[in-house]
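Notes for the one structure printed next.
Labels run A, B, C and D following the written order; every chain starts at residue 1.
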Amino acid sequence: MLYTRKQKIKFKHCDPAGIVFYPRYFEMINDTVEAWFDEALELSFATIHPDHGVPTGEIQTRFTAPSRLGDVLNISLEIQRIGTASLGLHLEAECEGEARFMTSLTLVYVDAQGKSEPWPDALRARILSDMEKNQ
Amino acid sequence: MLYTRKQKIKFKHCDPAGIVFYPRYFEMINDTVEAWFDEALELSFATIHPDHGVPTGEIQTRFTAPSRLGDVLNISLEIQRIGTASLGLHLEAECEGEARFMTSLTLVYVDAQGKSEPWPDALRARILSDMEKNQ
Amino acid sequence: MLYTRKQKIKFKHCDPAGIVFYPRYFEMINDTVEAWFDEALELSFATIHPDHGVPTGEIQTRFTAPSRLGDVLNISLEIQRIGTASLGLHLEAECEGEARFMTSLTLVYVDAQGKSEPWPDALRARILSDMEKNQ
Amino acid sequence: MLYTRKQKIKFKHCDPAGIVFYPRYFEMINDTVEAWFDEALELSFATIHPDHGVPTGEIQTRFTAPSRLGDVLNISLEIQRIGTASLGLHLEAECEGEARFMTSLTLVYVDAQGKSEPWPDALRARILSDMEKNQ
């Protein structure tokens, strides 16, 4: 995997069943994508917005085991494919060797009006360079 | 569609791009499933918990157009299939005729320890009765 | 009280102790202020933004009894005072006669750069008219 | 100040005005209290719950300047007073020397039924020891 970050499960993430409420996982997924842009691509979301954006077009997720208050997840991110204006990412989370969730999502690069736009050359080169490290 | 509810897009749902931040859609999706249990199956989440639960095992979502502050979405829910302990649901959201998102998800009926358990007979009968209205 | 709305306590609001996680109350408070602007002042947050805003400058809250999944709160809002660019509001929430929380907050009318600006005359007149109904 | 943690402002915290939506600050405040229990008092929220809890009874907050995407806040926590079952805390957040918010809150130690209970002796001793470092 290209990029990994730790995520501690906090009180705010957990529901009355004492496990992570699944919409909170999507906040963690977005945090991971945002941190990867910032740290691996060296392009912060604060720089992308408001002239451009990277909304999520689709996302498929499997939750394989519950996470509890105090668990520390390792969330890994890998590039799957790059298109003209799209980017396919795959993320997996595990805790002490147990898979918690896996997700595949597609981002789209858009202008301020939400219209898709080709990735800028420098950013595309950066993403391609990170994809090669994958192999 | 079996069940429909309106969802107004509020300030809290929107991001710096002025559109709904996608993890908030998953809160709306969960609210819709919760309201459907309550109103259509007459089984509130307060009654299910804490002795049982209905965690989401997997979910696949496409976001087809952005939603903005003040939009009123119609979110519809339809049963797709029922298994021994699982339930497949499909939801679609539109605003003034424009599709905003569609999602398919699988719930699992579990006991207090998170172990899957067959749907109770009365609840299964209720779900089957609602599925027939579908056709 | 000038304005009242019902708020059902949903699964997403509750923590591992089975009661509302207090930051979620602030979302409900903001939703109530937003709905009051929309319905009582006939000025939607979608119209105010992005040229202006009404950020919260200070807020004081007491939580007097816990709320649980399925509770239906009545949240009431009353104007306390209006300044050149500020507005003092008081909200109270109760469920079946039991007080749940009370809060006093101050909003400020600001321009797109976040600088305070006097309330527009028409809006001030509207707020003053609503204050009179208070008495 | 006794305890300090850094908090980066992420996309999920920000509203259509491009600044932190204030209910998200209360999540950050709760995260800080939770981290302080964990790191300074060596008592994790996972250990406290579900037999006990530390709900917030009241909280007073001033927001003195907006925070934007990418800002890194320093959030400091200081004990103000300890009662039989209560604990008064004061937190302040700043970014590059500019104050962003300050808050005073009172926690209560409660049993599983939400009834207040005296702080256990060992925990009280620990808190008192941290208070002395304050001076």
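Things to note:
The definition used in the following text is that contacts are C-beta pairs under 8 Å (C-beta built on N, C-alpha and C of every residue); 3 or more make two chains touch, one makes a residue touch a chain.
Chain labels with UniProt names: A, B, C, D = Acyl-CoA thioesterase.
Treat the numbers as computed from the prediction; the structure is a model and nothing was measured.
Annotation of chain A and chain C: jointly contacted by B, D, touch as defined at the top.
Seen from the C-alpha centroid of chain A, the farthest chain centroid is that of C. Centre to centre, using the average C-alpha position, chain C and chain D are separated by 23 Å.
One simple way to say how far apart two chains are is to compare their mean CA positions; for chain B and chain D this gives 34 Å. Per-chain Cα centroids separate chain A from chain D by 28 Å. In chain A, the residues touching two or more other chains are 11-12, 16, 18, 21, 23, 27, 30, 49-50, 69. Of all residues in chain B, only 11-12, 14-16, 18, 21, 23, 69 touch chain D in the complex they form. Across the complex, chain B is touched by residues 16-17, 19, 21-24, 26-27, 29-30, 49-50, 53, 55-63, 66, 114 of chain A. Residue ranges of chain B in contact with chain C, taken from their complex: 10-12, 18, 27, 30-31, 34, 44-46, 49-50, 68-70.
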